[in-house]
Every structure is written in structure tokens, then in C-alpha cells.
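Next up: the structures, one after another.
In what follows, chain A forms one complex with chain B and a second complex with chain C.
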Partner chain A sequence: MTVDVARRPRPKAGGAVFLASLFWRWPGLRTAVLLVPPLAWFVVVYLASLVLLLVTAFWTIDPFTTELVQSWNLDNFLQILQEPTYLRIIGRTVLMAALVTVTDAAIAFPFAYFMARVASRRTQTLLFAAVLLPLWASYLARVYSWILILNHGGVLNWGLTSVGLPAANLAYTDVAVWIVFCYIWLPFMIIPTYSALERVPDSLLEAASDLGARGWRVMRDVVLPLALPGIVAGSIFTFSLTLGDYITPVLIGGGTSFIGNVVYSNIGIANNVPFAAALAMVPIVIMAAYLLIARRLGAFEAL
Partner chain B sequence: MTGIWTRAALRVWAALVLLFLFIPMVVIFLYAFNSSKIEAWPIAGLSLRWITAALNDSEILSAIRLSVEVGLITTALALVLGSLAAFAIHRATFFGRDAVNFLLVLPLALPGIITGVALHAFFEFGGILLSVATIVVGHTTFCIVVVYNNVLARLRRTQGSLFEAAMDLGANGFQTFRDVTLPLLSTAIIAGAMLAFALSFDEIIVTTFTAGAQNTLPIWIFAQIRNGQRLPEVNVVVSLVILVTIVPVLIAARLTGGGGTTRSTAR
Partner chain C sequence: MKVRALAAVALLMVAACGSSPAPSSNTQKQPPTANMAPQTSIGAGEGALNLIDWGGYVQAQWQTPFEQTTGCKINYKDAGSSDEMVSLMQNGGGGQWDMVSASGDADLRLIYNGSVKPMNPDLIPDWKNFQEQFKSPPFNTINGIHYGISLQWGPNTLIFNTKKFVNPPTSWGAIYDPQYSGLITIPDNAIQIADAALYLSKKDPSLKITDPYELTKPQFDATVALLKQQRPLIKLYWPDISHFETAFSSGDVAIGAGWPIMTTDLKAASQPVNETIPQEGATGWADTWMLATKAPHPNCAYLWTKWVSTPQVQAEQALGYGETPVNTQACAVMESLKPGSCAAFHANAPGSYFTSMKFWKTPISTCDDGSNNCIPYEQWQAAWTTIKG
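Presenting the complex of A and B:
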């Protein structure tokens, strides 16, 4: 049975068909047309804003009139780099970000290893869902929950005193900020570490033990190096998100300033946008350096 | 391969991490049912007192309404822009493809404060008054990637031969899109939309810098936690936000098998 191709009903030749055949012939045109709206959004709104942020950082505010002075100068940056207060704040924020990253990596690695290499297929799926939930669950709610846990009459003190230990009043201290940051960003570390560990072929581990390597040796020389890109990918999030956060220090910190707080108060109370912009450059510069190192370590393939 | 003691230790560790991840959220839910005004553990008893109080509060209700409104408009915009980007990237192999990937994930990977301050400066010096519209612009910028991830992940797993078959059977490009592509992508699109809504509904940092006098739900919560006067209602509202953000993930993970739910770029 043959069908006469010429007599098959053809779709009506409207503008749509014309466009469709045009796209078929030039796939590049299709890509361009599809990509223009989202890219335009990003260029017009996002990139333009980031560029403006950079430009604003070189402007100043007249201290008497609080009017914007649009003349190029390095005053904001000099102030940040010369006043020990700001350098201390930057140092403290970077230290906190590093501490949080290391702690999360230490918590996440054994968990991810269990998920990827020990747990059954079923448990694996369940655990993955169990990590996804806190990843998406309200950020603000999860910060707030720690006030209920760490405050004077909170869950932690109840637990400590009921087993006969002295109460630990951790709320509104830097330790609380550290705990909450570790908690909030932990799923960001677990997922890429797990993905990296899951990709390690069994045969590699068998080869290592065939060659006489014991458990810890295999871990150190085979598993860890292969998981490293995943850990670094996770650290991009834990490090970067800690660098700029102000909600956690404001809600549960003891009044110590981090970069985010200072930026926040300069926009809100002081209304000194240029100075806030200059200070916001600090996490961007630190992250740019961090990303360059991360790329060297192969983290982008694991992202 | 892993020794029995190591396995046992890992099992215990995994259990501890799970407790660490979930106890805080469970605590909030319990506090929402607290019968007392005092925020102390153990809670005095269970009651619906504060739930009723919170759901009859006009300030809270209007904050919820605003957050839903912003979330819906944001989701619609993110759906269109994210899907377009996914379609473009899927079949194309062009120079700068990785750059596009990188650009889209940037607003989620950089601290919110940078996006927030940047947009704040943009609006302030562009002479644009802060309003619901500026909040939506801010939210859309970081929600696009969520839709993009989900749609792209699905497109990657869909066999190209299906589209070719449709074309061979005489469907033109748009018929193929309507009758084949869209049905295949529908669950991924729904998943992306729900996650985008969840992300927008809970967002606080970018919102703080792009809102004028508007009080979205997270802004109300943040102000009340700092104020400390109405924490019993805060417990209820915060539990609601947890639900609104968690349910979409559960559905999305079901619909997509977890493909686009990890928050970094789809590969």
C-alpha cells in the first residue's frame, strides 16, 4: 500500500509554518530567537545591575546633604581597607565561611559516602529526598527554629539539664551563628559530594584492594581524591552563601558584625548605597578568586 | 568491601545527620500548636489557639496575599523565560553555552545580598520606585534557573527520535511542539513552576532590597522575630511557610525523579 505523498493533507501554510521551516533550515536562528528573551532579561536587569553596583562603589555620599556625588574616587575602598574595623569584619566573615565550609564537609562526607556506597537502592532514594526537603524548606523558618532550640528555655537546654549537664546558653552568640550556618547550608554540601561519590566505579575500589590497600588507604588515596571535585562544588555554595548572609547573624548572633550586616545597615539605616556597594564587592572578589581555584580542582564538572 | 564496624558507624552517623536536619523543623511545628504564650520547651500543651489567632489577623492575611501574588507573577515569568532558555540550550552547541549556564545560576550561587544591593542601586538610580513590580523583577531573576534546570533535564532525557517521528508523519514544527514536546515536558514544567513559586514565597534577602513599603510574608516574619512581641503567631506563620515550600519539592521530585531539584545547574 503506497500513499501518494503529494495528496497527503498538508498543514495550512500560515506564518507559523513559514517560521517552523525557517527554524528547521537554520537551527542557529532558532537558538537565537529562543535565547533572546531570557538573555535580554539577564543582561538588562541582572548584569546591568551588577555593573551599576560596581560603578556606584566608586561614587560617594555627601556627608552633610546625603546627596549622591557622582565623581569617581576610591574613598569607599580606601575606607574599607584602612579602617581596622572593616578589615576585622571581613576577616571574621571569611573565617566564619571557612569554618562553616570545613564543618559541613566533615558532616557531609560520611553521610554522602553512606548514601552512595553502603545504603540499599531504596534507602538511597529516601535519603536523597530527606536531603532535598531541608534544601528547599523555608530558609527563614530554618534559621528561626534555632532560636527555639538554643534560647534560654529552649530544646537544647532542656535536653542538657534532663541528662544532668549544665545548661549552655548558646543563643545570640557567634557559636550559634556558626551552628545555624552549618545547618542551613548542609544540604548544599551533601548533594554534590554524594553525586561525586556515586560516580566512583566499584572496579576502582576493588583494584585498590587487590593491590593491597587497606580500608583507610583506599579512602585516602582513591575515594577522597575522586570525591574532591564534589566537595569543592558544595563548598562554593557554603562559602559564598555564608559570605553574604545577614539574616542569621541578625536573628541569632550576639551583635558581632559580618559583611552582610554592614551592607544591610548601610542600605537601610544609613542609606549610603555607594559604601554598601563597595563593601558588597568584597564577597564578589573573594568568590571570584575562590571560583578560579575551584575550577582548577575540577569542581565545575561536579556542579 | 567496607568493614562491618565502619558500616555500623556510618549508619549511626547517617541517623544523626537526619536528626540534625529534621529536629528543628519538627520543633517549629510543635510550637505552632503551643497552648501557652511562653516560648519554652517543653511546650505547655497542644491547642489551636495561635493558629486561629494568626489566620484571623488582617496584617498576616494581607502579607500572605501579597506573597502569593508575587509568587504567581514570578512563576509565570520564570516559566516563559526559563523554558525558552532550556529549549535554546538543549539542541544548540554554540560558543558561550557554558557562559549562559553560568549566568543563569549566578543569582542563586552568589549571596542574595549582592543581587539585592545591585537591584536596589539599579532601581534607585534608574528612578524606578520600589513596588510589587520591582519585587517580582528581583524574584524572577533567581527563579528562572529553577524552571530552566527542570525543563533542560527532561529534554536531555527525552529521545530526539520522538520529535523526528512526528515531523516524518507530517507535523510541522509547531504541531510537533504542541502535540509531542509539550505533553512530554508537562510534568517537568509543573515541577519547575512549583519550585519557583516555593523559592519566591520564602525569599527574604532580595525582597528586603527591592520592596518599598510592601510587606511580603517573609518580611513580616523577619520584622516580628526581631521585634519579639508576637512569636506565638510567628510559629504558626513559619510552619505554614515550611509547608508551602516543602510540598512542591515532594511533588516535583515525584514528577521528575529529582532531575531538576538540586538547585545547581543542570548538566
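Presenting the complex of A and C:
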């Protein structure tokens, strides 16, 4: 274990060289320098804002002047738990998130299966582009286009009446909100499901066939369990995105409130940041529980 | 271990504090800035003016000539809501803001938290030409002290589709009528509770509602109950003008509470639309330019108020925004700019018209009779959330 110092070029004087040799001597230092900026960013931007949110939730505002009163209390949380309206809004939001997730999973699975296991390379690329293309357009433009589709004189009713069916009055309803949520979050379900399905080894499917399993049996007992982590990973996106969104209900819905809308109206209209903070804790708690379950189902291995 | 101990202490502190008492308010007392004597003359402009306004209240059409003649360079911020105005103006405008174009539902809050200070109407030559009702209205004048100069106003009208309603509706009852279920739209705003209270004041005199902004508990509960009954009939709680106009044009809604600008826009788009002020009367909004307690450019602020009160600017703003000027002399200018607009915006309406109008003001716990039985604004907002569910 001798190091041939003589063959090493002699270090020139200068800061860069000094640093280089410092890092060479203590590899741990290099790691630290590399990690500190992103870590600091994470701590300051992510954690600090979350902590601030948590802290604000325990304060209140003077309702008349809307000035922040920094006295510690649980009023905001009690209000959420004791007022049936807020519980109903939370329940409605969770139900909507669950419905959107289930719908997206049902649509995404066959699509992703086709993309991953049936389609040719060329078709696969085309389908990928088709899935991702809407994400390039503005969120608002995509949501607004649904107003033109769903409203009373819109494309949908035009189509229905022209084939002799009664018009559907979907605009400004919760059904419309559900449809639009399913549409905008679908790519977030397709991609992880696709990547999970792509990784299912062909040999397993052949083995299943050799053992006499028919198509549905293979799907149920081999493909689905192996794809489940991918679907659960996708559901994390669809569920959390629906849980927090407030723009689609405002643009498409008729005024029905979801958690995001109440948070928004408390910050933007009522200027009651503490109450909004308390209410914003609800999706965080729900998501924490959801992520714990998802981890058990192996979702993080498919990310 | 240390972290856990800290957390335990924090929890204990929270538990010990418990519920905070609700702050009380009282109109009888003078606002905190009542003793600040307003200036008696307008000096030279300070070269800048920082405004918080409703989008569209500062337009190049009247901003540019103002800046050229006074040298006051305008910086402005469009506010999204009355509450945003209140929060921006906290602490006397913070030494940053000079003026705010506040609406009636925010005025009393701005006055009583000391954000704005008295103004001298004698420095505004056009003030004497204002509609009588807007010289010293209760929403910006307290005990004879003016906390701002009225600017423009507008009624909340009943707008309807003339094909679906061949006979124009005559009562606000139409928007509570199950017969029109799924065709009704109303504003997504807690102050809408006052509209329901106004309707109830005529429909159910036993409630003895005299002022829709001063509701006792039984009156308030009856109003909220009416709005909850109305909830399933509502197609859309409109959040802004464009939502209302889109839903109306597409035929998703056929009747609702809105603003004259919507009728004007929809008529311009050849929609079968008209508006009316029903027999119960109507609520209305009225905006006031108010002077921040710590305004850094008071002379420019007075020059601006003077300028926007002139008939020319009053008429331009009225037509640009679809609202009604408070200066009676603006009517002639409006007619010259757009024939028929003076009558369309009720700018020449008689005094009786204004007495049928209940202008927005902040609901506070002190009623007109001095008792503390009225329901304050925060509870209006909480109730609005429960109404919409």
C-alpha cells in the first residue's frame, strides 16, 4: 500500500487546487458540499413552509379587521370538526378523489396494457406522444374547452340531439367536475401503470399458460398483482391532485365547494389564513395515511 | 428526547390557551382616526401616487392626462376582493399605499381599524354636484366626518332571458321559485345574504327586517333558511362576470342576480336579455376613494380624487366599467359619448330611486338602535359556506 507521490504532478498554488486536494483528502466533505444546497433548499422551501402552515393553523384572526392574532388555540380545528358543513365538504372531496382515481385506473389499465405489451414500437411512441401531448397545453385552456363541450349549447348536446337523444345538462354539476378531473389527471395514471406492465416478464406469462391458465386467469393472478404497484403509484398522483385542486370546481362546477375552494376563499376572499391553514392540514393528513397504505402495497418500487 | 419534550410543552401551551374570546365592535364610538384633521388646501403633488383599486378603475384614458397635468406618477394594484383591500390597507396602508377604491362592504372595516383617515370634501369642487345620497352616505361618513369621497355605484339587478320570461318577473321571488329550478344563478358572495333579507323584509313582514345589513339572530336564521331552500334550485354561484355571461349565453341559466354591465354585454352579443329592479327594491354597491392614514403622497391623492370626480372622468369610467357616476353633471357627458347611456345606467334617476336601493355596508354586531344583537360579517361568511354546503 505505498503511494507513489513522485509521479503525481506537483500541485500549483491556487484556490481551486487547494479545494481539489481538500476534497480528495476528505471525500465526506465533497459529499457534504454537493448535498448542502439541495438539502438546504428542501429544508427552507418545503419543510419551513409546512412548519409555518402548521404554526399558523393554531392562530386566529380578528374577524373585523382581519389582522392576525397570535394567540395559541385550537379554534380552527374545532370549527372544522364541529361544523357538519366542513365535514361534508371533506367527505365530498375524498369521495371525488376516490372516484376519479378508480375511473382513471379503469381507463388507464387497458390502455397501458395495450401500450406496453401489444402495440408495435412505432404505435407505442405515437401513443406516448398522445398521452403526453395534452400536458403541453395550458391547464386552463384544457379545462375551459370542457365548458364548450358540456354546456347547454355545447358540442355534447349538439351531438346527442342530432342523433335523437335527449340533451344532457352536465355543465355546472359535480358530474362535470368528475369528468374533467378524470380527463386532466389521466396521464399521471397511465405512465406508472405502463412502466409497471412493461416490467412484467414474458416468461411468467408463458409459465402461466404452460400451467393451463387461460387469458382471464393470467390477467387476474399474474399481470394484475404485478401491475398493482404501478396503479397504486398512479393513484397517488390522481388522488392527491384531485384532493388539492380548486380551479376545476370553480370553472366547471356550479359552486359546490371542495377543500381547495374553501381554503382558497378563506385566503383570497376572507383573508383568514389561519383557518385556511388548518383546513389545508386535512389533505396532508389524508395523504399521509394514503401514502402509508400505498407503501405497504409496494407503490414506491414502481416509481 | 429533547424534541419530544418541546412538542409536549407546545401541546400544553395550546391546550392551556383554549378558545380565544370573540372581539367586540361598537359603532357608537368614534373611529380611531376621527381626530386627525384633514388638510385644508392641496399643495404641490409629490410626484407619485400608489393606489389599490378594482381592476379597470385606473385606465390610460384618464390616467395619462392626470399624470401629465399633475406630475403624479400612478402605481396601482388591482385587488381581487374587498377582504384583500382590507388586508392590503392594514396599518394605515403601511406607509406604502395612498388610496383604496373600497366598496361599501369593506368601508366600515377600513374606517374602524384605523386604515383610513378623514378627508376634506371642500377640496373636491365637484363634490357639491354629487347625488345628494352620495355626499355623506352612512357607509363612508360617520358622525359627519367623511372617510372618503364617493366614486361610482351600481345596483344588483334581476337579469332574465326574455324568451323564457315573456312577462318580465316583478319580484325577487323568481330566484327562489322551484319552478325555475336549475336555471337560476346568483353571486358567490356572502353579501348575497342581504339580497335574501331584502326579499324577506317584504315577503314576511312579521320578521320586521328594516335594514338587510343589520339582522338579528331570528332574522338572520330565517334568511339563511331561505337561502338553504334555494340551494338545490341554483345552477351556478357565479364567481365573476365572465362566468355569468358564458352560462347565460349557452342557455344554462335563464334568470339570476347580476350587474348592469352583464346586461349591457349580453345585449351587445345579441342575447335575449333584459334586467329589472323588482318591486322589493334592490341592493347595490357603491365605491369610495379612501385616503390611507399613512399616505405618503396626500396631495397627489387629493388631486386624483378631484380629477376622478369631474364629469368627464366620471362619465368615462361609468361607460368603461358599466356603473353609475355619483356626479349629476356626468349625465350630459355620458349622452354625448354614448346616447341613451345616462338613462340605461340610471344616472339621472330621481331621489326615490336611491331610497329603494340598499347599499352594501359591512354588517357589524352593533345594530342601528345601539344594541349589540346584530350578526357580524364573519358569521355571514361562515353561514355562506354552510349554505353552499
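As a working rule, the second predicted complex is superposed on the first by the 281 of 303 C-alpha atoms of A that agree within 3 Å, B and C clash if a C-alpha of one lies under 4 Å from a C-alpha of the other, contacts with A are read in each partner's own complex, and residues count from 1 in each chain.
Just so we're on the same page, a contact is a pair of C-beta atoms (placed from the backbone, for glycine too) under 8 Å apart; a residue touches a chain by one contact, two chains touch by 3 or more.
Here the structure is a predicted model, which means the values were calculated and not measured.
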Exercise. Counting only touches as set out at the top, which of chain B and chain C does A:262 meet: first, second, both, neither?
Worked result: second
For this session: Would you sort A:282 into first (chain B), second (chain C), both or neither based on which partner it touches?
Result: neither
For this session: Name the chain, either chain B or chain C, that contacts more residues of chain A.
Result: B
Exercise. Looking at the overlay, what does A:154 touch: chain B (first), chain C (second), both, or neither?
Worked result: both
For this session: Figure out whether A:189 sits in contact with chain B (first) or chain C (second), or with both, or with neither.
Result: neither
Exercise. Once the shared chain is lined up, is A:241 touching chain B (first), chain C (second), both, or neither of them?
Worked result: first
Exercise. What is the contact status of A:250 with respect to chain B (first) and chain C (second): first, second, both, or neither?
Worked result: both
Problem set entry | First, second, both or neither for A:58, with chain B first and chain C second | second
Problem set entry | Shared contact residues on chain A - chain B and chain C | 147, 151, 153-154, 250
Exercise. Which of the residues in chain A end up touching chain B in this complex?
Worked result: 8-11, 16-17, 19-21, 23-24, 27-28, 30-32, 34-35, 37-39, 41-42, 45-50, 52-53, 56, 68, 107, 110-111, 113-115, 117-119, 127-142, 144-149, 151, 153-155, 157-158, 183, 186-188, 191-192, 205-206, 209, 215, 233, 236-237, 240-241, 243-247, 250-251, 260, 263-264, 267, 273, 276-277, 280, 283-284, 287, 303
Seminar exercise, completed: The chain A residues in contact with chain C across the complex are 58, 60, 62-67, 69, 71-75, 78, 83, 85-86, 88-89, 147, 151-154, 169, 171-172, 250, 254-257, 262, 265, 268-271
Problem set entry | Touching residues (chain side chain C, partner chain A) in the complex | 13-15, 17-20, 22-23, 25, 80-81, 83-84, 86-87, 90, 109, 112-113, 182, 188, 234-239, 246-247, 249-252, 364, 376-378, 381-382, 385-386, 388-389
For this session: Name, in rising order, each residue of chain B that touches chain A in their complex.
Result: 1-3, 6-7, 9-11, 13-14, 17-18, 20-25, 27-28, 31, 38-42, 80-82, 84-85, 87-89, 91-92, 94, 100, 103-107, 109-115, 117-122, 124-125, 137, 140-141, 144, 148, 170-175, 195, 198-199, 202, 204-205, 208-209, 218, 221-222, 225-226, 234-235, 238-239, 241-242, 244-246, 248-250, 253, 258, 261-265, 267
